[in-house]
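Right after this note come the structures.
In the two complexes that follow, subunit A is the common piece, with subunit B as its partner first and subunit C second.
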Partner chain A sequence: MVLKRRHLLGIQDLKVEEMELILYQAKAFKEITQRRIKKVPTLRGQTVVNLFYEPSTRTRTSFELAAKWLSADVVNISTSTSSVVKGESLRDMAKTIEAMQADTIILRHGQSGAPHLLSNLVSSSIVNAGDGSHEHPTQSLLDIFTLLEHRPTLNGLVVGIVGDILHSRVARSNIWGLTKMGAKVVVVGPPTLIPVEIERIPVEVAYDLDKTIERFDVLMILRIQLERQQSNFFPSINEYVKFYGLNNERLKRAKEDVLIMHPGPINRGIEIAPEVADGPHSVITDQVTNGIAVRMAVLYLLATGWGEG
Partner chain B sequence: MKLFKKAEVIDEKDMARTISRLAHEIVEANKKVEELVIVGIRSRGVPLAKRIAQRISEIENREIPVGILDITLYRDDLTLIAPQPIVRETQIPFDIDEKTIILVDDVLYTGRTVRSALNALIDFGRPHAMHLAVLIDRGHRELPIRADYVGKSIPTSKHETIEVRLKETDGADEVLICELKER
Partner chain C sequence: MTKILIKGGRAVDPASPLDGKRDILIEEGEIRAIEEEIRCEEPEVRVIEAEGKIVTPGLIDIHTHLREPGREDEETIATGSAAAAKGGFTTILCMPNTEPPIDNHSLVKFIIDKSRTEAVGNVLPVGSISKGLEGESLSEIGQMVKGGAVAISDDGYPVINTELMRRALEYTRIFDIPVISHCEDTNLSKDGVMNEGYVSTILGMRGIPRAAEEVMVAREIILAELTGTKVHIAHVSTKGSLAMIKEAKRRGLKVTCEVTPHHLILTDEVVMGFDTNTRVNPPLRGREDVDALREGLAEGIIDAIATDHAPHALNEKELEYGLAPCGIVGLETALGLLLTEIVNKGVVSFFDLIAKLTIGPARILNLERGRLKVGSPADVIIIDPREEWVVDPSRFVSKSKNTPFNGWQLKGKTVVTIINGRIAVENGELV
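== the complex of A and B ==
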């Protein structure tokens, strides 16, 4: 099996075997992340550009460390301090970066489809680090990798994705990724935060967390995107916490060995209570550590795959 | 192109004797057995490393730590060979500082694999010394590298290949000289 791709744009068009290859490679790269000297010479001479049009700490840092531990040179461009504020378009920005011989561009953008657009404009490899409410493929891969550290297979697992499904690229990538790997996905949230076309993708919808929580082997809690809440998708934060906030009381009804995940950053006390985020079921910090290994695997496979398109 | 078997140079009995001799030579050259660790290069260096370690522990009545090294990420031909070599896990679950490492591989040829392995190991710490043990030395070095313990030296031509087969990976213990020929 070879990952014959130049770009990683989403999970939706990945084959199961391609996902399995990335996950298998990530296991080898995880060993490197646990060494005292976390550095291999593999991508020496390659240039990776982090181009982030939205704020991000963990994804950007994770990609940066992944590239640096593979010995690539990394440049970070955050648009708030770049020529984007002078009005430079994504297209011109990409052409400029390409002209500086970037081998790989890691793009985070508020518009769904921006990485796809870029992949048709420049010769560099494009990795989608989150586009609008569309996809965040490496997040889904690291979530699956983390689950597979705790469970032998995803076959037959029931995963509840709880919260703001409407705006969540993490939810979309995970719905594709988890179902491809054999899990069943149930999305849970207030009706206003469940997208209308959702029944067209392989997922079950529920509105009542208390009634469904006992079914789940995994609870994936999404961040309430306070920055997107101007248009009042629910009456108040308190009401959301009352019906969907995951606290110890609510957790009592869940399976004894339920795994709790959160893509971060956490709004403590809103979608997840601190005692749950830091509790024995939580694998949230594993997700962060594994993110670097998964991104090293992606950068390695894209650089060596001789992909055509 | 097809691979033709020309000769069997080591059979099962020879293999056991050779590994035993290598173990004795290693012990003889390294009086401080407590400082010895053995690292096998994937893939066939690994079962060989385990067998040598087993033999040394029988001689010295002491467990010898065995590590596994994958050199893919350190190769100098990563983009020249077939696309995307799969990276396998490296497992060196012990400290190598101040240790004498016996690096084990099946065949020593150009020396490039050993060069990669030396670089990889130096990223794990600062060993007291590194020695190289190989089952077969077939010549044609491209780098200034030599083995400290050699099972058998077999001069070959570049058209020939050495096929090392081990019970753990291939179901039999034997070494063959083969030749690539047009059919």
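== the complex of A and C ==
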């Protein structure tokens, strides 16, 4: 089986079979990540460029390790060190990287659609590592991979995504991904942070976490950006925590075997209390570990698939 | 100047009203005769056969951006007016958001002088409402009007200060010119890049709610009532705006409005591909809005169709969607698009469409153009309703190519444009 596509730009346009293929491949790579010597020669001679226009530690490192464990050569470009500060456009940056024979470009960008623009400009394979509030496909794939380690299927699971849905690319990719895999998604947050007409995707919308928490098999807690308060999306962090912060008290009403996820980085004591983040329901560190395996699978399948497809 | 005789065409002039086979004689820049048959055997008469074609008044575009002075790399008075002529527009209004802005009589004079020597057609300047388009103090409106400004507007930079807008409306009452309002509450639209709705939700882009336009439309209607002055609402894009304008007209207020071809044809769904040529202000809206605009056109609530021709350099549009400037070029595609998508699909008749492109805008401005009338300036075009063509931006006369209609198959085209009795376009190409 090969992945018949050149780029991974989002989950929205991914078929279920494609997701299953990536997850299946990730399982094989996960086995490698558990070994003492974690390197395979699969992508030897390939060049992977991490092009990050936004600060990121975990996603960049995760992609970097994934590429390195596949024996690819990895270059990291981030805005602080690159010519972006000199005003070079994404187009020119992309052309430069392409001219250096990059096989794959992993792009993190603050603007929705930037990876799509890039895919129209260069012949390299593009992996979206998060674009604006649009999509973060590998995050969704690793979340689904993690859930499937704890549950036999996502069919019929009820997943609550809690927090700033409006600005969250993780929420969007997961809404598509989880729904395609048979789960039901409920987005929970203050009305100011729920984007309009989201019910049409379709997902269910709820504003009151306490009233809905008992329904969830999985709680995905999103990071709340502290600066949203300044734009009046909510009155104060304090008030946000009172209504949406996940602590042990609130968790008492949840299902006994509820799984707690968070894409990171965590604001401890804000959207999630430390005892919950580190508690028995949390699979947050599994998410991080699985992220590498899933990204290995994506890099491998994109590098080997589309040419032959 | 030579005489021109247009023979055998179907003449359509909503102002007269006229729809029938007529010959038209043009002499010394004026329409001399419109008759069922004109025989003229003088050798110096240039005869244009228009059998099977439609002869209409030259089109008037009440809303264009020519980028001169300041951004001559994107468009100039010469190239913009040439693009207009090619598209069938013989008269265009140019908005004042140039660099520097047209906010005083010497810049009005600059536009008029430059147009006299370089423009292909009639270019009429719009002066700014406020100095520097800053929304703080009134421009010297009277002197601009005396110098030739035909309207005032802070297009692109909505007047947020309601008191200033009130004074602008009151003050212009002396001159009987319209104040053209770009209705947008910039607090509501802040950081927005597209229509707020299902598509913006999916794409994760900050939306511009319809309310950003509608609260200002409501304000302008209230001010029109307060001051009794003419207000013209530019580029209406929502169902709600149109409902309020309809009601204002019913109450007899002097409120007029325009709509663009792109708002009549495209919905926000086209933003899905992240083509920055779909980024425009106001943004492309939803299906309900497009349907309402079409209905408003058919009902006659919309007074004019205007292109909002907004040229941008390729390097400025070849960016991330949220970083690209707003604007679509429209002069060369408007008529073909409207004939194909609006007339041929039965939204309005050819006759009614031409009204919105000729006498409609002329009435808003009190212009003695936009009609086929003996003694009027000879701005006349010939349209071949059957000519099929494909939009190819590389063939645009305009310096800028930012159109979302690249590759569209259209039917209907301007083949001859006569401006003030001079042939500017023949066989669809500039002379």
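Everything below uses one rule, namely that the second predicted complex is superposed on the first by the 302 of 309 C-alpha atoms of A that agree within 3 Å, B and C clash if a C-alpha of one lies under 4 Å from a C-alpha of the other, contacts with A are read in each partner's own complex, and residues count from 1 in each chain.
In this section, a contact is a pair of C-beta atoms (placed from the backbone, for glycine too) under 8 Å apart; a residue touches a chain by one contact, two chains touch by 3 or more.
Please read these numbers as outputs of a predicted model, since none were measured by experiment.
Applying the stated contact rule after C-alpha superposition, one finds that A:Y300 touches subunit B and leaves subunit C untouched. Contacts of A:R151 after superposition on the shared chain: neither subunit B nor subunit C is touched.
Shared-chain residue A:V40: touches subunit B; no touch with subunit C. After overlaying the two complexes on the shared chain, residue contacts for A:R91 are found with subunit C alone; subunit B is out of touch.
Once the two complexes are laid over each other on the shared chain, residue contacts for A:R215 go to neither subunit B nor subunit C.
Looking at the shared chain after the overlay, A:H116 reaches subunit C, while subunit B stays out of its contact range. Contacts of A:Q25 after superposition on the shared chain: subunit B is touched, whereas subunit C is not. Residue overlap on subunit A between its contacts with subunit B in one complex and with subunit C in the other: absent. Subunit B meets subunit A in the complex at residues 70, 73-74, 78-79, 83-91, 119-120, 123-125. The part of subunit A that touches subunit B in the complex is made up of residues 2-4, 21, 24-25, 27-29, 31-32, 35-37, 39-42, 70, 300-301, 304-306.
Subunit C makes touch with subunit A in their complex at residues 196-198, 200-205, 207, 273-274, 315, 318-323. On subunit A, the positions that touch subunit C within their shared complex are 12, 89-91, 109, 111-114, 116-117, 131-135, 167, 169, 172, 195-198, 200-201.
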